[in-house]
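Presented below is the structure to which this report refers.
Order of writing sets the labels: A, B, C and D. Residues in every chain begin at 1.
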Amino acid sequence: MKALSSNSTSFLSDADAVAAQIPDGAFLGLPPDYSMPSMAVVHALIRRKARNLKLLGVPVLGLSADLLIGAGCVAEVESSAVSLGEAGLAPRFTEAVEKNLLKVKDATCPAIHTALQATEKGVPFMPLRGVIGSDLVALRPDWKIIENPLKEKDPILLIPAIQPDIALFHARWADEAGNVWIGRRKELATIAHASRTCYVTYEEQRPGDMLEDELLAPGVLNSVYVSGVAQAKRGAWPLSVAGVYGIDDAHLSLYAKAAKTKQGFQRYLEEYVWNHTPEKNSSPAASRA
Amino acid sequence: MEPYAREELLACCIARLIRDARHVAVGAASPIPATGVFLSKALNNKKLRISLLHKRQGNAFTEGSRELFDLAGQGRIDLFFLGGAQIDGEANINLVRAEGKRFPGSFGSAFMYFAAGRTILFREEHSKRVLAPKVDFISAPGWSPPGVERRGGPQALLTGKALFVWQKDKRRFRLESVHPGHTVREIREQTGFDYDVAPECAVTAAPSAEELRLMRNEVRTEILANYPEFAARVWPSS
Amino acid sequence: MKALSSNSTSFLSDADAVAAQIPDGAFLGLPPDYSMPSMAVVHALIRRKARNLKLLGVPVLGLSADLLIGAGCVAEVESSAVSLGEAGLAPRFTEAVEKNLLKVKDATCPAIHTALQATEKGVPFMPLRGVIGSDLVALRPDWKIIENPLKEKDPILLIPAIQPDIALFHARWADEAGNVWIGRRKELATIAHASRTCYVTYEEQRPGDMLEDELLAPGVLNSVYVSGVAQAKRGAWPLSVAGVYGIDDAHLSLYAKAAKTKQGFQRYLEEYVWNHTPEKNSSPAASRA
Amino acid sequence: MEPYAREELLACCIARLIRDARHVAVGAASPIPATGVFLSKALNNKKLRISLLHKRQGNAFTEGSRELFDLAGQGRIDLFFLGGAQIDGEANINLVRAEGKRFPGSFGSAFMYFAAGRTILFREEHSKRVLAPKVDFISAPGWSPPGVERRGGPQALLTGKALFVWQKDKRRFRLESVHPGHTVREIREQTGFDYDVAPECAVTAAPSAEELRLMRNEVRTEILANYPEFAARVWPSS
């Protein structure tokens, strides 16, 4: 396991500047659609024609992965699932797998959390209950069933630590100290803790240091984990930032329909990624919380 | 008898299966199970704790997406729901691939099927394709050999046409009831795996007036916030 | 591992009512002095003459343990340390150990976190780096050094899961739903997750449900883990509640001096525990955070 | 030369040992190490990140007390401080018991001594009792045999009378400097373990005017907030 960065946070100009920090072939830890993927950087990665990315879904993936896969940026996906949730299958992922164009390492949600928590704690593995008897085990030579060393006749699965090169996500706030407010989306902290570097886009900058505020601090990811931040207003669109804007369900349906064919997907990219106009974002109002 | 939607019948079946659960977790894209759980709470289980995994507002999970699995590992989830691209007669489920088709993936099933107190399998499509003799890929096994630690397993399998209960000792499903409009023979023809038939096997009871009233009022309100398309379709604003 | 409670939260009348829920012989998970021990319930346990308690320090203990030990409530302590911090040694703990009146299971901080996280995740053990070569290992027959099953010639320590009977601490707020706000003191969540039951005293009750508030939610312990709550104003005194009142350093010094002798300790109990008058609490103002 | 307090000299010794560390964590009850770390930052290491474990306000840890250990496990802590009721010539430390006396306990030493990039051992008392031939109890070992994963270990041992550096290859301390008012011979007499003496062993350099100015101004402000008794004693309000 490589020693991880603890430098101070860089303030980058925008999502494209973040995408420039993500080299081809990087192993990216990404949150699910409900937990603030940085869609702004996903779009920027497509624009900079990133290639051979490896994606880790923590613990599942959706629109962010489907866009990157469809645009040819991805060589491999490790995830417990890739889907658009209520909007249905992830069409570009599904087609890429069915045509054997994408390497998939199938996992199960708690195995991914466990693997990242192992890196978070600096241990080479952690055990996980269940899973034994699932065909997932045979497909994962890195997973190993052992006899519990503390009890006789008790088989248990060991999951090795995973260390992404880069944690990438969006957040509501960054402050002047480089701290990031992730609120209740604590999987973002786990990804950041376990990754060698971490880039975050944010809605708004807050003055001062959120760690000085007892009410905000519980939702803060300390800047010690944050390599760089960049502002990206509505940077999770068409997904949501709790308390700021809701999921754009209509846009997700539009995407699910468009991306059913390669041509439809290209037209979607043309309109929403290549000819980038944030004004097109039409996120609904936030729920009141 | 009042007319009702197919979704309302299925939600009633689920509500009747909840029994004395104290804490039920409901995953993504599960509006019918969610409806059944809220109905159970409204009917006869006022203290039932319902944790919607993807609740859009006031989400109960403050430790991120790991908390559901930790809760289950702690034994604090009494009941969970799983589906399957395929489900077989040993209650194995497949969420990964079948007949050249790719599905989203196993999600947390390989863990939750073991760790939740019990699991209700739910899949609307009732066909030999889905209810297969043997799943092409085991995302999560329906049972485990002695010595493999496992807190829970399947309780029942609900489809759009019938309700089966799981017989743990026999490792077989038993047909419990057939939904109105379908027959025991039709179920046998459209099920790819073998199963027992309960001597008392009957037609699934239709939703009562009270069940319908609750679903169309307080339950609808809960569902609308998190499954807006579903709620709008099943209970269009009157 | 026993299945854990997920009932709804009871609202109890006061700290004494909480103490009544804690039977003799219970295995109590307690936070350190800097992380809101429920001093109100510690006092109530002394008043109710609790006996044979087993204390787990997560990961260390201080005043709370020293009081309970001095008052004869404790049969065993598992902790990484027991001390009064800047105020010096914990005098009643020290004397009890030196006179061989107390069983001590010595640990090291991350081993205790690891043991509770194992219970939190429902696994029977977790590995921990380091520690090999420490005399702690020989004294802990429950700890075991194994060869890493995923790599040759790599010895590593396994720590078995610990499950306290009761998590006990103080918090700033409880709400009407039984949720508790612990802020950045996340070890309190870990103790609660890993314990069979959890009792919390709080400063103030908040209306409604804190989970509905995006800004408060990140610091909330969900009521699913909380068996019972009771109001206890200044319930952490002479220790602090961040943002409400600071540590009463002068009182800690007074205690450290008084408790050096058994007689001095008894006089302290007489004044501050048996003749319970909350008005004696003289906590300094909160730091501004 | 300006007069200075003993604590100021020791803090200067620590500041000089920090070198290029990017992240230093300081535990409880460590006002002199904390002073040294803030001095290093003020002097020549502006980007140094200092995490005070028990910072009373604006504490950097938002994952609770586990985060320090997780950070160290991740390799994000370059430098840590440990003390000892006893320390021996192999750099083993004892925080548990000696000569019938009980001390608080091992704290996180058994992990941090391995996981932090390097550790400065600090103990003011310099006596044969403390600097023992062999510790009565190893809370954390000074070195580990090949094959035992270990990121870091001791860098130096600072006492109230002298500074030793650790020679990893030889597994022995080397006396590097003796604080003003003490002699090389006195150190040998009052140290219970054997050690080498650096050929260039000299008197520990006194704090410079600049070091004193910084300690008495910006550093004092930082220390006052978290170690009020210490700050009031060493730097009484002028």
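To be clear about the criterion, a contact is a pair of C-beta atoms (placed from the backbone, for glycine too) under 8 Å apart; a residue touches a chain by one contact, two chains touch by 3 or more.
What you see is a predicted model; the values in this text were computed from it and never measured.
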Centroid-based (C-alpha) most distant chain relative to chain C: B
Gap in Å, rounded to a whole number, between the CA centres of chain C and chain A: 35
Chain C and chain D: spacing of chain centres that average the CA atoms, whole Å: 29
Centre-of-Cα separation between chain D and chain B, whole angstrom: 59
Contacts with two or more other chains, residues of chain B listed in rising order: 57-59, 61-63, 69, 73, 115
Contacts with two or more other chains, residues of chain C listed in rising order: 110, 117, 121-123, 128-129, 154, 156, 184, 186, 189, 212, 217-219, 242, 289
All pairs of touching chains, each written as two labels joined by a dash: A-B, A-C, A-D, B-C, C-D
Contacting residues of chain D [partner chain A, same complex]: 22-23, 47, 49, 51, 57-63, 69-78, 115, 117, 151
Residue numbers on chain C that touch chain A, as the complex places them: 110, 114, 117, 121-129, 144, 146, 148-151, 154, 156, 158, 160, 182-184, 186, 212-219, 242-243, 289
Parts of chain A lying in touch with chain B, wherever the complex brings them together: 32, 34-35, 58-60, 79-83, 85-86, 89-90, 93-94, 97-98, 106-111, 113, 117, 128-136, 153-156, 184-190, 240, 242, 246-247, 249, 287-289
Interface residues, chain D side, partner chain C - complex: 28-29, 54, 56-59, 61-67, 69, 73, 95-97, 100-115, 137-141, 144-145, 147-150, 225, 227-229
List of chain C residues in touch with chain B within their complex: 1-8, 119-123, 189, 193-194, 209, 211-212, 217-222, 224-225
